[in-house]
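By letter and in written order, the chains are A, B, C and D; residue numbering begins at 1 in each of them.
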Amino acid sequence: MAPGLEEYLILSALLFSIGLFGAITKRSAVVILICIEIMLVAVNIALVAFSRFITPVELTGQAFAVFVIVVAAAEVAVGLAIILTLYRQRHTIDTKKVDLLKW
Amino acid sequence: MNSMPEMLTWIIPALPLAAFLMLLLLMRPLKIKSNLNGYVSIAATAMSFFFSTWLLVNIVQTAETKFIPGFSWLSLEGAIDIQVGLIVDSLTAIMLVVVTLISLLVQIYSLGYMHGSKSLNRYFAFISLFTMAMLGLVMADNLLIMFMFWEIVGLCSYQLIGFWFHRPPAARAARKAFFITRIGDFGFLAAILLIFNATGTFNISEVHSLAASGVIAGTTITWACLGIFMGAMGKSAQFPLHTWLPDAMEGPTPVSALIHAATMVAAGVFLVGRMYPLFEHSEAALTTVAVIGAITALFAGTIALAMNDIKKVLAYSTISQLGFMMIALGLGSVAIAIFHLFTHAFFKALLFMGAGSVNHSTGTFDMRKMGGLARPMPWTCATFVIGSLSLAGIWPMAGFFSKEEILLSAFNNHPLLFVLAIIAAFLTALYIFRAVFMTFGGQVQSRFKPHESGKVMVIPMSLLAILAISAGYFNATGGFLKLLGDDHTHSWIYGIFGVLGHPLAWASLLIAGSGIFLAYAIYQRRWISSRKIARRFGFFYTIVFHKYWIDELYEKYLGNKLLNSGLFNLFNKFDSKVVDGTVDDVARLNLNSSKILRLVQNGNLQTYAMAFMIGVAALALMVILVN
Amino acid sequence: MGLQIAFWVLALIAVGSSAGVILQKNLFRAALLLVVCFLASAGIFVTLSADFLAAVQVIINVGAVAILIIMSIMLTREVTRGSPSNRLGAPAFVISALIVFILVFSILTTAWPISGAEPAQPTTSVLAQILIGDPGFILIIQMSAILLLSTIIGAIVLMKEK
Amino acid sequence: MGILSIIIFLPVAGAILIALIPGLNARLTRYIAMLSTIVPFSLSLYLFGKYDRVLGGFQFEEFASWIPAINANYHIGVDGLSLTLIVLTTLLAFISILVSWKLNFRVRAFFAWLLVLQASIIGVFASLDLLLFFIFWEIEVIPMYFLIATWGSGRKEYSAMKYVLYTLFGSAFMMAGILALYLTTGTFSIPELYQTNLGEIASGILPLAAIFFLFIIGFAVKLPIFPLHTWLPDAHTDAPTAASIMLAGALIKMGGYGIFRVCLGLFPESAQEFAPLFLALAAVNIVYGGAITLRQTDIKRLIAYSSVSHMGFVLLGLFALNAVGLLGASLQLISHGLITGLLFATAGILMHNTHERHIRKLGGLARQMPVLAGIFFIGSIGAMGVPGTSGFIAEINVFLGAFSSKADAARVFTLISLTGILLAAAYMLTALLKVFFGSPKETFNHVHDVTRLEKLYCAIFILGIFAIGLYPKIITEILQPAIIALASLWGG
């Protein structure tokens, strides 16, 4: 029996939570970015799964996934640029040491 | 004389008003010479006097009450309608003549007395405004309009007492006068509210007829009358609201003569007289009026004995005489009260002018520094003595006739009041002749070079002296009282000489005479040392000298300790500490709690992300649980 | 059957590699594990008959994103520091677990309107139709272009030596 | 676009012009500001003359659909009361411009804010749509904040912030009231709500009395009613003169107007039920406010606290719930605007010329500044309610109305309030005595008196005070239809 929608969605949920956990707990900005990538992948899996099982002909979900990938790519580019700038100025990418948003 | 056209009645108050406006607004812009300002107001007042006399003659001939309709001043459909109109009856007409005549004479006198003073423009402007308001007050047919003029009169009094505003006592006296009379006005206004609420009208004659027909009765009338009387107490300086009048002597002396002796202070008596048909229905109110009057007459008389300032003596004398008028009102006779008002206006204005004349030449009001002025100032002395005799009630002066009527009325109605009144009469003779002897008797003190005042001052005084003698003869046939409603006509011979047949007349003459003799003995001949008397009656003297400590009681204890730095200070503290403090505390609470709460904002995005996820989870859980 | 095996294997790899990303102390290895995760997800796309997307995933994510990340790791020389965690571990774990629980619960309790239709094969032309065809997402495509352009400019501006 | 809209938006246009023209000099700024106040003033006078006093009701209505989804409209129109208040506001705005003529610190911003303030106040008086009303009500806070915080004196930031927070506190309640009313009836339109008998609508989301209180808290802050009054002395004291005039003259009138228009007009039953409470609060305002005024040593603060006392008369008249009381309250709104405007203007001149605001340090100034003393005297007799001034006619009607009110204990509260005239005499006379009378002080020997411009605007105030005081019909006639209509809700 082929895996159904639920299996894919649960997989997506698991990946998402793992990414979330990482994004919250890691101190290294790069790792946080990596974890966000994982979360985006999880979302993509969910989107494609919906596309496969609910609109297999129209493929709307896949179209969304394309956009998610685009945005993810842009986000990584800017994110990394910020991280590098930060590193250049502060010589660290430890989020504990860069709390500029603090009151 | 032809009867006066009704519309001309309006011109009586309009003329002084025009003078006021002209003096205040036009003199400077039109570059009219400032020494002309007195003549503007004198001309206006003279014309008013002419029309008033014409009106009085008409009234005497026809003896009818005229209502002159005016215009609607304020109206609200179905709720309120205030019509300004004039009421012209004998009471009004007499008051008009008194006011315009005294005002005219005082203004002429002022030309001399105030000569060289600064801002005479303001002086004559406010005298004109005062005259207008006083005329309006006596003519108004509407309680509310009357109240308005009542207040404006007070305002002018304030302005004129404080005419020399740069002198702190004058400025303070002005404030005191306005404030204390306003306490009385509080009662007057309350009475107006009560009357309007009960009758729905302000029209005086309508109120009278409603009272007569019993629409308003019982406690309503009593309270209304007491309120009105409270207003009268304020204006007429009756105990316990009398303290402003002696202080008001800080004003220019002609002002004291006009406002604080002859006219405005008598407005209280006039008011009670005007509203008398209401008082008739309340025994309690009438008794109050009589009792307050008697207390005041006696009480002010005692204080006058101890004053060294001649104007203060006259001021307390005024209070005392107003008390006499109140006794008359309380005993049920408007006519007698107004008769005394009429005569008093002349002799008291005269006395004030005399005091002013003395001051003009010596520069002081302190009687201890005067003496021997009879020789250098014969006219002043003569007129002053005439005024004093009239005040003391010596036959055949005007004061005798009016005071006699009051004493007679008290004798017939109320023995206790009679006793009080007769003591007051004795005191009157004593204190006024004390003033006469201290001022005019004895030796001239060397540092003064007294001289007689100019004609412009002497002539008004002489005219008033004539009136102070003759004003009583207007009632020689009982005509004056008849005009005002009391009907006891007799021949003029009886009126002038016949009264002496009554034992009461002899009694009162004796009392007054002994007062004069005592004054002569102490202050002229010095058979008895005044110091010794003061020491003998030390306790009494101290009390009287300190005016029964009423000023201290009011100002220091009631006004300052209890209210200003007591209750009001408490309010102020309460407002800034409790009411505003609460507001600030709420703000501070927010500030402090946010100081704690802002620690949550640690600047770490991950913490925010977690908080965000907690929120998401919570919301999702909620949705799940609800479904 | 083959599909099933493939799914489970790929799912296991994806979960395992992503868990590895978190657990791995070495930054460089974590980045490599991300590549594994991307590849596994590409495989999963294949099992969902999304061939185009699988290709895109490999090309963009593995080929560009992952490389970018690795390069930046190298540039920042952070490898030596490892991948430390902050103190939010316990609450983050609880929250993540809670979210998994909520998601799984709602996934399982929802009645999905599953369509029995055969999936479009190959997907490329259908996707092209939907992305740039007439009733499609052409506007969004163009906005993506603007987004990417501004990203490029933004990255350049940020990285420019002051 | 109707005349009413022009009156509202011309000042806004002026403000935009002043703000946007680059490099505008101060002189031109003043003239633009004057033009954009004097035209609305003339137009409002024109409307004042044109208003049909027999027909009554809302006139010069303008209607445009605004947010159809929630049935909110741009609906403006005026009745006698709001028109008179608009005339007052435009007049005060014009005078405020004259008062600030010599200001030379950030001139453009000052005049722009002043014009925005004017527009929002007029908007409040003209709105016939509750949402529009609320928006104008809120807009007013912004210019006032900047006027106080930037050009003020003393603790200006504190006062400005206090003012903003207080107003927002009140308007939050008001917003809730408006929403509750909307959700109950489905309309924001005030004329429509007048047609609806709210008492008959059984299922509101809140009881009517609760909505009534939501509204009145909003208005109570503005009026202000004890114990929500403490922003007023601070704001008035620290504001620049022009802002004080607008604040005391026009702005706090919004509270009284709101109670008249909304609380009494829409909730007659609740108003009747709670009338004793508000009469009591009015008495507290009058006596307590007056007593505190006596203790003030700062000339502006004294005038500010006297406003608290005087606004108590408005409240007393409004909750008398009869025609005479309402007339008195309306007259008091206008009269107080003129009198307090005059007093603040003179206080401004006084402080500007002597550089001194503490009453104890002033004294004897009537010698050095005779004209100013005369003007202040006229303001004082107005505040004391001396006949002939507008203060008297307003207060006497308030007392007459309140005394004949059917509410419990109305007479007791009226008599308590009557002592307000004593307190007013006490504090005004004391201020006169301490500032202007007594022996002249040498320190002020070179202080110059009132200039021609200052004389001009004081004369406008004085003219208004005496015109209303001597012949009140010039405004009672226009007020009559609105008042009769409102009073008929309680049977006349």
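In this text, a residue touches a chain if its C-beta (ideal position, glycine included) is under 8 Å from a C-beta of that chain, and two chains touch if they have at least 3 such contacts.
Given the structure is predicted, the values throughout are model-derived calculations rather than measurements.
Chemist: Take chain C out and leave the rest in place: which chains still touch each other in groups?
Modeler: Leaving out chain C in thought, the network of contacts stays intact as one piece.
Chemist: Taking every chain's C-alpha mean, which one sits closest to the mean of all protein C-alpha atoms?
Modeler: So the chain sitting closest to the middle is D.
Chemist: Can you check how far apart chain A and chain C are, centre to centre, with Cα atoms defining each centre and the answer in Å?
Modeler: 6
Chemist: Using mean CA coordinates as chain centres, what's the gap between chain B and chain C in Å?
Modeler: Centre-to-centre distance between chain B and chain C: 99 Å.
Chemist: Just curious, how far off is chain B from chain A if you go by their C-alpha centres, in Å?
Modeler: 93
Chemist: Could you put a whole-Å number on the gap between the CA centroids of chain A and chain D?
Modeler: 59
Chemist: Of all the residues in chain D, which ones touch at least 2 other chains?
Modeler: none
Chemist: Could you tell me which residues belong to chain C and also touch two or more other chains?
Modeler: Residues 86, 88, 92, 95, 99 of chain C each touch two or more of the other chains.
Chemist: Two or more other chains touching the same residue: where does that happen in chain B?
Modeler: Each of 604, 606, 610, 613 in chain B touches at least two other chains.
Chemist: For this structure, enumerate the chain pairs that meet the touch criterion.
Modeler: Touch list across chains, by label: A-B, A-C, B-C, B-D.
Chemist: Where on chain B does chain D make contact in their complex?
Modeler: Touching chain D from chain B are residues 72-80, 144, 147-149, 151-152, 155, 158, 162, 165-168, 171-172, 174-175, 178-179, 182-183, 185-186, 189-190, 193-194, 196-197, 563-564, 567-569, 571-572, 575, 579-580, 582-583, 587.
Chemist: For chain B, which residues are in contact with chain C within the complex?
Modeler: 604, 606-607, 610, 613-614, 616-617, 620-621, 624
Chemist: Provide the residue numbers of chain B that touch chain A in the complex, in ascending order.
Modeler: Touch list, chain B to chain A: 598, 601-606, 609-610, 613.
Chemist: Considering the complex alone, what residue numbers of chain C touch chain B?
Modeler: 86, 88, 91-92, 95, 98-99, 102, 105-106
Chemist: Can you list the residues on chain A that touch chain B in the complex?
Modeler: Residues 20, 23-25, 32, 95-96, 99-103.
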